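Each of the next two complexes has chain A plus one more chain, namely chain B in the first and chain C in the second.
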Partner chain A sequence: MNDIKSKLRDFILGELIYCEDPTLFGDDDDLLEAGLDSLGIMRLIMFAEREFNVTLPDTEVVPDSVRSFNALTHWIESHRP
Partner chain B sequence: MDLLQGFRHQSQINPTGPCLVEGETILSYAQTARRAGGIARAVQSLALAPNRPVAIAAPKGIEAACAVLGILAAGHAYLPLDMKGPEARRRQILSESQVSAIAASDAKSGAGDLPVLVLDQIQEADFPSQSVSPATIAAILYTSGSTGTPKGVALSHSAIHAFSQWVRRLVQLSPKDRIAAIAPLHFDLSTFDLFSVLSAGACIDFLPDTLTSAPSRLTEWLETRKITGFYSVPSLLSFWAWKGNLKKARLNHLRFILFAGEPFPTSQLRELANSLPAVELHNLYGPTETNVCCHWPVDRARLSDDQPIPIGKPACGNELRIDSDSSELQVNGPTLFSGYWQRGKLTPALTDDGWYRTGDLVSINALGEFVWHGRLDRMVKIAGHRVEPAEVEAALSGLEGVKQCTVVAIAGDLGMQLAAAVVLDQDLSIARIRQLLNQQLPQYMIPSRWRTCAFLPRLNNGKLDLQAVEKLFSQRPPANITPAASSRRYAD
Partner chain C sequence: MKPETLLFSPADHVMLVMDREIHAGGMPGSWCGFGLELAGIPRMSEIRQGLTELTQAFPTLTGRIIRKGKRYGWQSTDQIIPLFHHKIADTMEEDSFIQHAIMDIMNSSPDAFAHHTRPLVFHLIEGRQKTILLARWLHPLLDAGGVKRLFDFLMSSKADRQKYLQNDHSLIFKKLRDWPWWHKLRLFWRGKNHNEWIDRLNSSLPTPESTSHPIPRQLANKRLKLTNNETRHVLENLQRQVGLGGQSLYFIACLMRALEMMGPAVRKDAWCIPYAFNLRPGNAPVPVTGNQVSVLFAQASHEIVKNRKALFAHLKRQNADTVRQELDMAYLPLMWLGQWLSLEKFGHILRHQHSGGERSSAWFSDIGEIRFANAKLLGLPITDVHHATFVTAPPSLAVLFSRFNGQLSAAVNYLQPDLSPQWIEGFCQILKEELLAE
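So, the complex of A and B:
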C-alpha cells in the first residue's frame, strides 16, 4: 500500500503536476486543483496499469478516482490480484 | 463570401430549429440571431475604429458563440482569450493585440480603460442584414511564437469560409446533425463547430469540459445527446478509445469524427477505428495559418501495419508544393491567413509569390499522398497545441536565478513531452520555477521533465548540443519526493 503510494507520488509530483514543495503535498490534497488534467490522467493510468499490473475498469476512470493520493492508492489497491 | 451568410440564411428558413445547446439550455436559430444581434448592436454603439478586434473573455458556450456572431456581424474581428490559461498571458495578448473592447461574461474581465460589454446584460436585437467584405479579418487566433511571445494568426472571412464550406460538404452536414463542440474558441478546430455547423442549419452541443477526464462518461454523454459528429485531437481520442467503454457503447447516431493537431499513432487510431466500425474518420492537416490544407479519409484497410498514416491530398482548393532543397511543405490557396497580427497591425507573412511555408518536412508516397516527417524548426505539438520551445525558454530566462536554459521535446508513449534543462543559482528550485511559469504560460507549455546542470552541453562551435540535452532525459530522474511522515498538508 505504502509502496504504491510512494511510487504514485514520485510519478505524479515528478512528471505531471507542480507544487512548491512536494513533501508538503498531503495525501488527501486535491490533485485536480493542483493541475492534473485529462492528458495527465491518461499518463497516470498508463503508468499505474503497467507499474502495478492492474487493469483499471473504464467506468471507474472518473475524476473522483484520481482526486488524491489516498483515493488513487485505494482505487489501484482494490484491483490488485 | 461573408462567413455569416449561411447562419443568416438558416435563421430565416429554419428559425425554430435548435442552434446552440449548453446543458439544459437550448437556443433556436431565431433566438441565437436575436442574442447575437443585440451584441452586434452593442459593439456598433461603441463606434470603434474599423478593423479593430474585439476580445472575447468567456468560456466556451452559448454566450461566447453569440459573441462571435455578434462581433462579426458588427464588422469586427473576434479575438478569443484562453480562459484556462494564466491571467498574465491574457493581459499580454490584450496589450499586444491592441483590441478595442472586450466582450466578457464578467464585468471584472476588463483591462485598463478598455470598454467591457457584459454579455448577459445586453438587450436582444435583430441580427444585422448587411454583409461584410470577404477580405475583412474575422478571427485572430493566438498561438505560441518562436520569437518568445504569443503570435496572432489573422484569418479573413473568405479563408475561414473556404475551409468551413469544404468540410461541411466533406461530411455532408444537414439540419439533422448535432455536433459536440469540444475545442475552446482560441483553438482553430472551433471554426468548424461555429461556421460549418451553423451554415448547415445543424445544432452545436457544447461538451462540458470535465468529461474529457472521464472517457466512459463522455461516451454516455455522446449517446444521450445523440451526437452525430465532432472534431477533436488525437490525444483525447486515444484516451477515449482506450478507456471510453466503447465495446458496450451504443453510439447509433455517431456518423463521423474529424481529427487534427498532431500525428495520430497508427496503433491507437486502429483501436478507435475497430471500436467504431460504422463511423467515418478523417485526418485533417493544416497549421492555423492555413486552416486545413490536406486531408486523408481514414482507410481502415491500411491501419493493419504500423506505418504512420499519411496527411493525404490537398484539401479546400489549396495547392501544395515541396521545396526541393529543404523538403518543406508550402501551401497556396483560398484558406491561407492574411498575416500575423502584431502590435495592432497586420503583418503579411507569405512568400513574394503568395505561398505559406509551413516549416513541416514532408514527402509524397507511392499513392501520391503527402506524408509528414517532422519539423524544420523546433516547434512541437503537445495534445494538439502548438508550442515553440523558444517561448518557454523566454519565460524561463526571464526568471531571476535562471542562468541558462533550453527546452526540448521528448517522445513518450503518449506523444511528445516538454523537457527543460536549466542552470540555476543555488537558491532557486525547480518547484519554484514551475510555480512561476504557471503564472505566465498555459499548462500545456510547462515542461513536465526537468534536469538541473552545472552547464549546458555544447558543440565544438559553441552552439547548444540539443541531442546531448535530449539524452539527459532518457533515464528516469532519481525521484525522492515521498513526503515526510509528519507533513500532511499542502502549503501555499
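So, the complex of A and C:
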C-alpha cells in the first residue's frame, strides 16, 4: 500500500501537478483542486495500469476515485489480483 | 550592453513555422488574443506601470526574432510592452463595439517583418460599463497558459510575483536533456510511425483545399457561451460518456460530429483534429514564456463519427493507446529535428499528409477551467474572458474551449471568405446541441 502511494506521489507531484513543497501535500489533500486535469488523469491511469499491473474500469473514473492519494491508492488496491 | 539571445524551443519553432504558413495564406501571421473583461475602467497609468514591471521581469516579451544559423531565437530590446487605447463613440452599441474592436486589432496587419519585432501588445478597449484588456501576441512567444500567467503576474502583489520569476525555462528542452540518446531515438521512430499511421486515412476538411491560395482573408470570431445550468449539464454528460479523464475528447467528439453534420467541403476518409498536450504541471506558476506543449491527434472515420457512443469509445481508446505508447512525448524529438529544416519544408511536413492533403480538419484547444490568481485586476472584478486565434487556410477553422465562472465557452475562429457567417451560425447551433445531447 505504501509502495503504491509513494510511486503515485513521485509521478503526480513530479509530472502532473505543481506543489511548492511536495512534503506539505497531504495524502487526503484534493488533487483536482491542485490542478490535476483531464489529460493528466488519462496519463495517471495509464501509469497506474503499467506500474501496478491493474486494469482500471472507465466506469470507475469518477472524482471520488482520483481525488486524493489515499483515494487513488485504495482504488488501485481494490483491483490488484 | 550586448542584447541577450534566447534560442527557440522546438515547440516555439513549430509556432514560427505556422506563422509563416499563416502569412502564406494572406493573413498577418500567427497572432492570438486573450482578453479579460473588467467591470469598470482601469487607469491607463496603472496598466502601463504593470507592463513596465512585466517587461523588467520577462525581457523576452519585447524581444525581436533573429536567426542564428538554421535556428531562430529572441533577442532582447530596450522597449516596454506597448499599450493602446480604444474608446467607444457615443453612438455605438457596447457589445458590438467590443467585438469589432477585438477583430480589428486581431486583423491589423503589420508588414511581413515588422511583426517579428513587437510580439506582444496590450489593448485597452473601453466601453461604457465594461472594459476589455486584450493581450495580442505572436504564438512563438507564448502559449495561452503563459498569457494567463502574465495576467496572474499583473494582478499579484509584489511579494506574490516572486513565484512567477523562478525557473522560467523550457520544459521541452528539459525533457530532451533528461532523456538518454537511445530513448530520444526510440521516441523519434514512434512519432514518425504514428504520423504514418495517421496518414493511412486522408483528412476531410470543412473548406475546399483551394483556399490555400494567398487571397486577402479576415479572421472572424463567434462565441458560443453556455449558461451555468447548461455547463453543469455538459459536465454531467461528459462524466457519464467519457469519464473524468476525457473532457478534451468529449469536446473533440462534439466538434467532429458538428463538422460531420455540416457536411465536409472536402470529403475524404476521416476527421483529424490535433490537440495540445501541456507539459506544465497543473497550476504551476512557471514557465511563463515559451510554448510548453506537444501535439496529439484524434482521428475518426465518418462512419464512426455518425455514431455518438461509438465515437466516444473510439476516441478514448485512441487516447489511451497514444499515452500507453508514449506518443504524447514522441513529437518532442520530431519537433527538435525539424528545427534544422527550412521553415517552408518543415511547414509542409507538419501540415500535409503523404497524399498531399491537409492533415488537420480543424484546430482545437481545450484551455480548461481558468482560475486567476485574483478575482480582480487593478481593483476591478474580472467578469469574463475572450479568446481568439489565427489559423492556416485550410482548414480555416479553430475552436477554443474554456470555462470561466462556471460557464463553458467555445471561441469559434474562422477565416472569411473561406467560411461564411451563415455556415458558422449553423455549425455553432449543432455544436451546442451536441454538447448538450444525452
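By our rule, the second predicted complex is superposed on the first by the 81 of 81 C-alpha atoms of A that agree within 3 Å, B and C clash if a C-alpha of one lies under 4 Å from a C-alpha of the other, contacts with A are read in each partner's own complex, and residues count from 1 in each chain.
The working rule: a contact is a pair of C-beta atoms (placed from the backbone, for glycine too) under 8 Å apart; a residue touches a chain by one contact, two chains touch by 3 or more.
Owing to the predicted nature of the structure, the values given are computational and were not obtained by experimental measurement.
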Considering only touches as defined above, state whether A:G35 meets chain B (first), chain C (second), both or neither. both
Of the partners chain B and chain C, which touch A:L16 in the superposed model: first, second, both, neither? both
Partner chain in contact with A:S6 - chain B first, chain C second, else both or neither: first
After superposing on the shared chain, does chain C or chain B touch more chain A residues? B
So, does A:D58 touch the first partner chain B, the second partner chain C, both, or neither? both
Could you say whether A:D27 touches chain B, chain C, both of them, or neither, answering first, second, both or neither? first
First (chain B), second (chain C), both or neither touched by A:R43: both
Using the superposition on A, tell me which residues of chain A are in contact with chain B and, in the other complex, with chain C. 15-16, 18, 20, 34-35, 37-39, 41-43, 45-46, 58-59, 61-63
Residues of chain B that touch chain A when the two form their complex: 210, 212-217, 235-236, 238-239, 242-245, 383, 412-414, 417, 431-432, 434-435, 438, 443-444, 446, 448-449, 477, 479-484, 487-492
Touching residues (chain side chain A, partner chain C) in the complex: 15-18, 20, 34-46, 49-50, 58-59, 61-63, 66
The answer for chain A against chain B in the complex is residues 6, 9-11, 13-16, 18-29, 32, 34-35, 37-39, 41-43, 45-46, 56, 58-59, 61-63
Sort out for me which residues of chain C touch chain A in the complex. 163, 239, 243-249, 277-278, 280-285, 316, 319-320, 323-324, 328, 366, 368
